[in-house]
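Letters are used for the chains, namely A, B, C and D, taken in the order the chains are written, and counting of residues starts over at 1 for each.
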Amino acid sequence: MNWQRVWRSLRAEFGRSPMAKLGVVLILAVFLMAIFAPFLATTNPKAQDLSRANEPPVGFTDTTEDTRLVDGERQTVTVTTRGTLEYPLGTNQLGQDMYSRLLYGARTSLLVGLLGTAIAALAGVSVGIVAGYYGGRVDDGLMRFADVMLAFPALVLAIALIGLLGPRAVDIPDPFVAAGLVSDMPETTVLPLTVTLVVALVNWVWFARVARGEALSVREKNYVKASRSLGASDRRLMLKHVLPNSLTPILVLATVQVAVIILLESALSFLGFSGTTLSWGFDISQGRDLLATSWWISTMPGLAIVVTVIGINLVGDWLRDALDPDIEGESGGGMG
Amino acid sequence: MSDDVILRVSDLSTRFFTTDGQINAVESLSLEIEEGEVFGIVGESGSGKSVTARSLIRLIESPGRITSGTIDYRDEELAEAVREDYPEAVDGAFVDLLAIPEDVHRSLRGTAFSMIFQDPESSFNPSLTVGEQIAEAVEVQRRASSNPRSTRARTRSSAYSLRSYAAAAVLPGRGYVSSDSKDRAIELLQQVGIPDPEQRVDEYPHEYSGGMLQRAMVAQALAGEPDVLVADEPTTALDVTIQAQVLDILRDLQEETGMTILLITHNLGVIARMCDRVGVMYAGEIVERGSLGDVFDRPTHPYTQGLLGSIPDLDAAGGRLQPIGGNVPSLLDAEMGDRCYFADRCPKAMEECLEKPAEYPAEGTDDHAARCYLADHPYEASQALPEDYFEESEPP
Amino acid sequence: MSIDDLERTDEAAPSRGTGADAVGSDDALVEVRDLTKHYFEQDSLWDRLLGNELVAVRAVDGISFDVARGETLGLVGESGCGKSTAGETLLRLEEPTAGTVRFGGDPVFDLDGPALREFRRNAQIVFQDPFTSLDPRVTIGETIREALDIHGIGTREERNERVRDLLERVGLAAEHFERYPSEFSGGQRQRVGIARALAVEPDFLVLDEPTSALDVSVQAQILNLLADLQDDFGLTYLLISHDLSVIRHICDRVAVMYLGELVEVADVETLFEAPEHPYTEALLESVPRAETAERERDVDPLAGDVPSPRDPPSGCRFRTRCPKVIPPDDLEIDQTDYREIMFLRDRVEEREISLDVIAEEAGLPARDGGEFAFDERQRDRFVEQLRAQLLDVDLPGRHERTVDEALGLLADEEWAEAADALRAEYESVCERRVPELAGDHPVACHLKNPPEE
Amino acid sequence: MRLTRFLLRRTAQGILVVWGVITLVFLLRFITPGSTIDFVAPLDASPELRQRLAEDLGLNKPIYVQYADYIVNLLQLDMGNSLLKGRPASDVIFARLPATLELAIAATIVAILFSIPLGVISATRRHQPVDYGATGFSLIGISTPNFWLGIMLILIVGVNLGWLPTSRRIIGFGPALELLIFEGRTIGIQVWFEHILLPSITLGTYFTALITRLTRNGMLEELGQSYVEVTRAKGLPETLVKYKHVLRNTMIPIITVLGLQMGTLIGGAVITESVFNWPGLGTLIIDAINSRDWPLIQGSLIVIGVGFVVINIVVDALYMYFNPQVTFE
């Protein structure tokens, strides 16, 4: 594999582009947050403390009017709550620590984003390469099916599927907790299985389209013909020549898809179609009715999403500029 | 007439500043072109011949830049017009095209000189009709000539401007400035032998064959009735029978209008068919120049000799070819030293070639000159470098 | 694994099939008969459902020739004539539409299993564009070794050793094994392509424009290399090229292709010194020679473009451009005039005449509603104008009258009738009869082999 | 001629896609766990009642018969009765449709109005502050989840500043227009505008950002084509080179991507509606799913599928208009 060259152009572009550096830093930060969440978290993100509900982030004060019984009489008093370092990003209406929830939310987002992309890519690329390589009726059939798939907006289809199948989740034991390195943290990380499968299902078509387009053009390259004239089997041609030479645009697409899927996951959690409550989207929906009083509950997880997705998009731009693939959907294609 | 120099290029250097380093595409190039002649520049890929052509029209874009030299163009009216504002650009009847501002230069494009490009298929905007694109060129010329050739008028009068075309930008098929320019486009298409030009004028580039498109490009280049036509590999993308048609058209037009043609190609046959005088380019320099007879029949530079020896003869049964060894050199600055660039492929290279490249003899357009020590003194085998001299520094 | 293997292949395989016909030869390694390759457009599911008709692009339309053992056959033609498709189809890199190819007597299109693998070993191809013929992600050593890997020849070390030998044999260095194609120039890549083809010691190489992407100085190196390799390994070449000087330089025999068909086959001397097909003549005439006398050489370029292979002309496919198109026997007409009338006829048949514009130029009133409404005088003026614009020659009286009659029909916008009128008078044998490629010096032209009517 | 043939062909294709959509939607019911009758029948229904209900709804028939019935009914625009509302599902859906359409169209207009000029300016003033501003905006725009953006707009513009209403749709565009035309009162339009402004910004931001990016990158790429050099060589002023030649060709990839992104627009509409309590198809479909209102779910999905196909035909026609080379296979 000539990955040396790929690596070299990636490095050259990285050196040139401050935005690429920013992207990598952001992504690294989010990854570290997600992986080491049990160490970084100050409180168990699921632990509720109703006495400390709706506290503002550190540095902010919150003034609310409350009716209390003072000396046996109902009085309206003005309560001023000051944010404390104990809950640096404040708490929600259940008194859960927003900061710790943010860290664990990163785990959910990245898990769904990476796993969903991987499944979608695996399925889409296999189908796309085969269709593009053989062309003809196989290809025709696949593309017509893709048309039908694309006729459902991803989010709508995802809502329908999850709503009807019911959100199912899998508990993955947290290795740090299992090893006894930290205590008082959730013992498992919840992988929202239905959500992951559904986002993969609604997004594999993109991979299939790109892979197919690449395979269509690569199979016409003379080096493929030359190998065929040497007697190479279809399997060999696909694995040895077509797939490796289709990879760069697929790689760029996969990066962008991680961002798309993270956004999709957050939207699903926001609408309540999720298998876990430790999710940025879910937290945003929780804060929605408290906007007038506790703005931070919705704001903080939203910022986390934006930062993560910006990071991924910057990395995507970096790959695109460095590897210069010609991706359908950015420069060609159509629904024909 | 033929004694008049119309274009005088001296010491032209064009460089590209890439991330891999500096590429000296054209290096201290000097040449003179006479009015009404067909001057050919022949060279292999990477010799810098196309960059030379683009330098003449100032179409070099970042990361490239013309780093030195002058391109003097003889036009008394123009000289008169720009003398006041840009005295440093004017030398008698000559105007240095590199010393005038972009908008004045633009007003010369299409009218004073125009260009034919190599690949006709990618040289037309795919979403506009061929006729409209030719009519644009007509319109540019019409606006320019409706005013006297004064700089101010010319720059301001490039009034084929955005405003008059706001609608055309969005709405296809209604782009002509006037029916006059469309009529002229039809006339031009007719002139270059496009059958049924009245219908063809409204067709899109993809509806044309390659040969027809190249003819349409000739028509477009002629729209401004230019004094100098720069043709960059005008027939390379074409089949031989179509190439013959296009060359025929170019020859007829040249005879008819007496315009000057600078023909750039790698094809020695095309040079032989078209040109009065020839310059042979290698690694950014003109290594030999002279009349067609001088260069083809009495080549002095070993590169010219090698080039002529490399082509299989169509009219005689083949013996063994005498190719030039090695590959065309990279023009990266780091790899160029102060020596003859051809030395490492040259079968007659000598010690002195490695120390300092030969210079041209004193200027003079009629001369047959070569940038080689062998131009002055005959070759002696005893001076040659040992055969394996360059073996070690082998590319890549 | 040596040259001996190559020479052991069963020699003197008797040529079968239609071996007796004009293009056959006694010691044929490759026998191509009626090879046809059509591509189909509008072939998708939608087209089926919507009942769109298949459009056949007749890339190769029934060509027959032999390549004799040890010779170099040139296949020459302009772009789009189907020569590369022919090369790829006869190697079964494309599925043929019809026809047979025998390789050493074996029917190539019926082979499978070990026999097909054997064929794949014996017949190889070198491509035109050295930039797309090497996988950019594979080292050149691996590229060359791939054939050996596929056929499981030798141990890994033996294979690598063989690759290094090959690299040196084609003028590269053994150290280049680990390099990637991007580090090489066009000429060097082409050497890699040749080494790859030679790795499995084939008998037969299809060289598809092997030098057209290269500079002349490098082209000469490659041509010399190919000649040396042929001598050393006893190779048989099918050289596909548009460059006549390359063809002349290294071929023994030449087949000329036009629009999917062969028009002339001859040994190289005969073809270049005494070409018989008008297309071959025109082709030879068109090439500019690199010599000082070139300026004065009289060239009469072939007019027009190659017609579309979707709808090729009837009869002789070259007739729409042929300067020697044959007039009807009983017609007395100058050849130039006849050619001119035939051009006019094509335009009438294709309806490629803008009547409105011509009417306007004749100063006639624009059409009122749907039709022209000319009186007698106006109609004459229109015909006059049509003749002036559409014909470059003055016709003698009799022909002028016939043509004017047809142009008159045009004035009434009776396209079909106008075409009929012209056809009735001027129909050529070239459009009615397909010329056969026959004779000792096979030429597909009615001038050479007059058809029996 | 070209356009007519294309539209005919494209419509035929569209009908087949819609048929595929209908089939998938129909099958959706059978991959869902639990039998349909469980959702329909009251919890305490006797087996006999369940049996009768199933018969009424045709649930006992073989699947292909149900499928055929379903298609036949659909052809008569009969999507069954909404279990939730007890009215024909089609009535419910078509009553909600205008709200969604208004929102989607308003967002598209917002997007096109801002993005293309921004992208052009950005591309022609490369490496200048405007360019950095535009690329920064578009990066953030495509990275922001629109439901969160909506909430932030509500928080800032609605709650903190109190400038605009933050939810519901008081009046439709149609009635508002009638009010204006027949009674000369602008209040309707004004209320309509106030209510749709935030939702349309929410939905439109992603597209504005996306198209800005595409326009910029597309123009930069197009500027590298060789015809641009030719156009300059013939002496055309730079403004014309850029706006007449380059921008037009840049539209081609933009339209392509727009077509591909229409799904995102519709999905975005669903979630935007949910944020702003906008009474459109999106909120309807979420309610329907939550209450397993099958006829409504199926009907909405089909309407969305049809809408998507129609939009794509329009987009393709636009594509064709800008790109004379297209012959569509």
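Methods note: contacts are C-beta pairs under 8 Å (C-beta built on N, C-alpha and C of every residue); 3 or more make two chains touch, one makes a residue touch a chain.
Note that the structure is a prediction, hence the values are computed from the model and not measured.
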| item | value |
| --- | --- |
| Minimum number of chain-to-chain touching steps separating subunit A from subunit B | 2 |
| Comparison of B-D and A-C by number of C-beta pairs in contact, larger one | B-D |
| Centre-of-Cα separation between subunit D and subunit C, whole angstrom | 51 |
| Subunit A and subunit C: spacing of chain centres that average the CA atoms, whole Å | 55 |
| Distance between the centres, which are taken as Cα means, of subunit C and subunit B, whole angstrom | 32 |
| Residues of subunit A touching at least two other chains | 144 |
| Where subunit D touches two or more other chains at once, by residue number | 13, 16, 329 |
| Residue list for subunit C, restricted to those that touch at least two other chains | 44 |
| Residues of subunit C touching subunit A in the complex | 44-45, 88, 91, 93, 116-117, 120-121, 123-125, 127-129, 132-139, 143, 146-147, 150-151, 180, 182, 193, 196-197, 200 |
| Subunit B contact footprint on subunit C (complex, rising order) | 78-79, 173, 179, 183-185, 187-188, 215-221, 223-224, 227, 242, 244-246, 248-250, 268-269, 272, 282-292, 294-295, 297, 299, 301-306, 347, 352-354, 356-358 |
| Residue ranges of subunit B touching subunit D (in the complex, touch as defined) | 54, 57, 59, 106-111, 114-115, 117, 119, 122-128, 133, 136-137, 140-141, 144, 158, 160-162, 165, 168-170, 172, 175, 204, 206, 217, 220-221, 223-224 |
| For the subunit D and subunit A complex, residues of the former touching the latter | 13, 16-18, 20-21, 24, 28, 31-33, 139-140, 142-145, 147-148, 151-152, 154-155, 159, 214, 217-218, 221, 253, 256-257, 259-260, 262-268, 270-271, 274-275, 285-286, 289-290, 292, 297, 301, 304-305, 308-309, 312, 315-316, 319, 328-329 |
| Subunit C-facing residues of subunit B, complex | 44-45, 186, 195-196, 198-199, 209, 211-212, 239-245, 247-248, 266-274, 292-293, 296-297, 306-315, 317-318, 320-325, 327-328, 394-396 |
